[in-house]
Amino acid sequence: MTVLVDSDTRVVVQGITGHQGTVHAVQMKAFGTHVVAGVTPGKGGTEVEGVPVFNSVREAVDRTHANASCIFVPAPGAKDALLEAVDAGIRLAVIVTEHIPFHDMLTMYHYARSQGTRIIGPNCPGIAAPGKSKVGIIPNIVFRPGRVGVISRSGTLTYEIVNGIKEHGLGQSTCIGLGGDPVVGTSFVDALPMFEKDPETDLLVLVGEIGGTAEEDAAEYIAHHFSKPVVAYIAGRSAPPGKRMGHAGAIITRGKGTAATKAAALEAAGANVARFPYEIPDMVAEKLAVTGHR
Amino acid sequence: MVKLAEWRGKEVFGKYGVPLPRGHVARSAEEAESLVRSGTVPLPCVIKAQVLAGGRGKGGAVRFADTPEEARESARAILGLDFKGEKVREVLLEEKLSISRELYLSLTLDRALRLPILILSSQGGVEIEAVDDSQIERISIHPFAGLTGYEERRAAEVLGLSGTLAKALAQLLRSLWRAFVDEDAELLEVNPLAVVGDGLVALDAKVIIEDDAAFRHPEYAEIRDDRTPLEEIAREKDIAFVQLDGNIGVIANGAGLTMATLDVLQELGGRPGIFLDLGGTDDPKKVTEAFLLMSQATPKVVFLNIFGGVTRCDTVARGLVEAMRQVPESQRFPIVARIRGNNEAEGTEILRSAGITSVPSLKDSAQAAVDRSREAP
Amino acid sequence: MVKLAEWRGKEVFGKYGVPLPRGHVARSAEEAESLVRSGTVPLPCVIKAQVLAGGRGKGGAVRFADTPEEARESARAILGLDFKGEKVREVLLEEKLSISRELYLSLTLDRALRLPILILSSQGGVEIEAVDDSQIERISIHPFAGLTGYEERRAAEVLGLSGTLAKALAQLLRSLWRAFVDEDAELLEVNPLAVVGDGLVALDAKVIIEDDAAFRHPEYAEIRDDRTPLEEIAREKDIAFVQLDGNIGVIANGAGLTMATLDVLQELGGRPGIFLDLGGTDDPKKVTEAFLLMSQATPKVVFLNIFGGVTRCDTVARGLVEAMRQVPESQRFPIVARIRGNNEAEGTEILRSAGITSVPSLKDSAQAAVDRSREAP
Amino acid sequence: MTVLVDSDTRVVVQGITGHQGTVHAVQMKAFGTHVVAGVTPGKGGTEVEGVPVFNSVREAVDRTHANASCIFVPAPGAKDALLEAVDAGIRLAVIVTEHIPFHDMLTMYHYARSQGTRIIGPNCPGIAAPGKSKVGIIPNIVFRPGRVGVISRSGTLTYEIVNGIKEHGLGQSTCIGLGGDPVVGTSFVDALPMFEKDPETDLLVLVGEIGGTAEEDAAEYIAHHFSKPVVAYIAGRSAPPGKRMGHAGAIITRGKGTAATKAAALEAAGANVARFPYEIPDMVAEKLAVTGHR
């Protein structure tokens, strides 16, 4: 295992018969992921693009030994889908679904945690380790195997940045899109120790955004427990206070959680903070050169 | 988010048994008068503008009345006011109570802890942001444990309440906790929470309901919030749309990329004015609608920045071309495009056929947009 | 535990929206007739004895009626029956439904998992104990997750229900789950759960409420359960008291020690007949009351076996001596005592002064009690 | 640490100002337990038998570094007391209180488990390691330091048996009264691994009773994972089916959980099952002699 996923990861796609579920099951397979099962209640016994569909996650796990789930079930049914995955013994659940009420996510998060299941998301692009496995929806084309780890609260901005790293001739070890909702299963602070321990990661790119204090908390962790170089970027410097910026999480409240406080905290922790997203690849290359990697 | 006007928030509070002043909403001066004459609202009473912005007291949007005539005239003075950009259409008339202390209390989400949090202060009646942090207590509530007795006791201690008042607080907290969970609230705020005799009364009510939970709360569907009309239309079409103060329209996909695009434009000296997040779509119609919406906001230039994932570049290009066909000549705007990612080649080719050049570099394309925004009209 | 009669159980079900046959309870033949005449209970109807024991159908405690006169006569025949030791005081009259399938469903506690468990079988209408285990499905429900949609779907699959019936099942399960939690139930059993047309109906209702939750359910306080009158008195005095078939009365402290004492007596050839668990007490009055209660059960000999912890030996000795003072000569019984543990010396001395010898060995004292129980009266 | 408690155990007594709380605080101190604090809301600032009383467990922990709690709070408030202890960071909670509704215990058990707190009880006599520490109400006089471990679902029957071991000239390592309620925080199966690992325990006495399947589950565990000799006793052989025998847990249901099935399962697992409680000390001594201990 690199960080959370590797070639032993066996994915069940919950909501595989929906449009997104089908599209991304195919994309995951193309990436090299073992997509072993799909689940849609009432559609058991059918197949989607060569993937057997079951009525329940329990059945899918019993029959295919799936150990990870990628959830596309629409928001009203997402909580149920996650609880089903947890109870069926799934230990990694990537929730792509957006617009899940945070009250539902509170139950989902604490329940999964009590049962030992890690959630990535919701409203997230998921996780990918180039050359190994992808659980989620990050476009395959942005990846190339390498030694740069990426964690991000954004979706397309992550694609943009990961792609930039690739176009610069570098590659990624593992990339995780954590999702930007108010309650996420895995935060920066949860993900950092995995990258610290990961022997395949030499440097970490951290992509944050305004709202909440996840980046400030990450800075605190980095300062004391993270030994690898970090290049960071914070989106939302130009956002006016109090305006909803698409993500429920991206609200600036009470003068905390601004792009400025986040950038300052990360710089104080020793990270290099990029002003423009397109500066990141150069900064990464430079850092790797300085620390003797590559 | 759905921000409820005070009187609606109090309706929610009342449903869960939170003690409130006797009162009623009115939409005309005559209605205000008759509420008082009929005894629905006792005298003396207070008349408050029903607007979402704070600072009503200082802003002249709160008045008092000792007679039905005064109630009518106060209502007349407030109705129709323009208060911080909001037109006052409703006033809330309430009995004036004899208050011995003003406290602060709210329930919201602590993202870092992933727990609901109860925020308390014995310094109520002022903006909580102005209260010193040492005077504010935070008590997180675990959803699996629910609000516990020891948390209720802690809250009473913090607010300096004992005996009957501590019991009243416990009761009120239980009501608010149920409301928070059952109504899918983002925020429940009582400021001030007033000590009146040996009881507690919620003098104000700030209630924000979570948008994402709308599917189980049809009762909030028709409530206006603080969106502009164009934002409201966007919401109906499931497009994230925010109007700012500037002249560059930005169409991007994904909140993070959209924000980063605004940041880049601003850093380069531009003034992004409208932000439109397509989200993830592969329906060209949605893209067309987004451009039509943008055309109504009359930007000087539009910067299209797409990184194709779920949203494919060719889909966006097709939607854009269709939109340009529909927009009348007079409302057209120059477009600077950058489309990357899935199906980039097809998308770029479709745009080229329509006379739009996609510049692959974010730096160069953003600079081009800023330059166009500065040209004379 | 509070076992509810069928009609009371159905009242609970009804409160939570579980679909039931139309029906009503009656306490006399005349009442039964008028319920039918007034249309409260439609014809044809079924008349069921309201007793807690099972097997009513085979035992003649269920009859049918097509006319008001038949309803009256059936009710008359059932009321006053002695059914497995229970006198029938109430009958439930219900419309007779056209049933296409009979299913089984219950909610109870799985101690090993420490989770509520839903037990299901497509083989309803018979004692669940008689159903083969392969025909029974168990679905545990986590209190923090609540009843989930996937569990509802699994239940429908097990019971062979789809479409409208699956939806009806989900609705019914949600009702039962709420009832289980909100009523502090130990057991909710629906057997049979009947398929009637395209709906489900709970034909029977077995509801057991947990005694320990009585403090939040005053509504069950006055409901009789299956205790004997002496057991009921003991309950009021908070003494665990069970009458069995034998002639040795046992007074001990703690459930485990009491059971072990009964076991020892039985292994030695004795017949323990009353078991009285003092629990933990240091109030001599409670001990006195226990002995007075025991005297009413007319044992041939009483074996007192105490290991003093919370309950001190001297407390027990004092209570016993006081009881012996109060019991009339005619109701006295011989006492074999063994008191050990806290304050053993004082207790032994107090008993000795009253003429009772405490034998420290459990083996020897139990043997002595058995010997006394076999003596001619 | 022997099993769960040792001389580093620092006890807060919740409900210390009640009669039972006071009596047993004194008894625990006499045993040698560090009783560092008591809690009774509204009585903060007072003292009970030299033990400082606080209004909340949080305050008690902050001020006295208590790490274990002994709960005497009556049933209606017991759930709240336990949640308070868990949230204050207490990691061992002995609940003496009886008559706690099992629905409350379900919340208590799963909440404590999710936060890493071990519950002993409810309705239990607690835990004692002679010469080290006692948290609970087992009479001090029955103990003597030694190498026999005891786990039991009963109260006074445990005292009886532990006392018998002492009077035979043997001693105990750790004794745990688990409680006989339908839902207990720690079952035989949870406690067995602790005794297996405990270097101070040579032999285990297991005292069970009818109702539930805890003894059958214990037998299963013993057969596969427990290497030390086991002497067992099951109370309730003479109990008629279906009659409530004082403990909510002591109901024989559906032909399972009888004294006979429990005894048979334990014997099949290699345990020696005593017919009479007074046989246990001899059996223990014999077993220890055979296995070369003592």
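Should a chain be cited, it is by its letter among A, B, C and D, assigned in written order, with residues numbered from 1 in that chain.
Criterion: contacts are C-beta pairs under 8 Å (C-beta built on N, C-alpha and C of every residue); 3 or more make two chains touch, one makes a residue touch a chain.
Keep in mind it's a predicted model, so treat the numbers as computed, not measured.
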- Sort the other chains by how far their Cα centres are from that of chain D and give me the top one. B
- Chain pair with the higher count of C-beta pairs in contact (C-D, A-D): C-D
- Give, as an integer number of Å, the spacing between the C-alpha centres of chain C and chain B. 56
- Item | Averaged-CA centre spacing for the pair chain D and chain A, given as whole angstrom | 45
- Calculate how many whole Å lie between the centre of chain C and the centre of chain D, each centre taken as the average of the chain's C-alpha atoms. 28
- Note on the structure: In whole angstrom, the CA-centroid distance of chain B from chain D equals 54
- Note on the structure: Among chain A residues, those touching two or more other chains are 107, 110, 114
- Item | Multi-partner residues of chain C (at least 2 other chains) | 142, 144
- Query: Can you list the chain D residues touching chain C in their complex?
  - Reply: 20, 23, 75-76, 98-107, 109-110, 125, 137-139, 141-142, 152-160, 163, 180, 182-183, 187, 207, 209-210, 212-214, 217, 233, 235-240, 243-250, 254-255, 259, 275-278
- Query: What does chain A use to touch chain D in their complex?
  - Reply: 110, 113-114
- Item | Parts of chain D lying in touch with chain B, wherever the complex brings them together | 41, 55-57, 77, 80-81, 83-84, 87, 107, 110-111, 114
- Residues of chain B touching chain D in the complex: 142, 144-145, 148-150, 153-154, 157
- Can you list the chain B residues touching chain A in their complex? 1, 109, 111-112, 114-116, 129, 142-144, 181, 184, 186, 210-213, 215-216, 240, 242, 244, 252-260, 262-267, 272, 275, 277, 279-280, 306-311, 340-342, 361-363
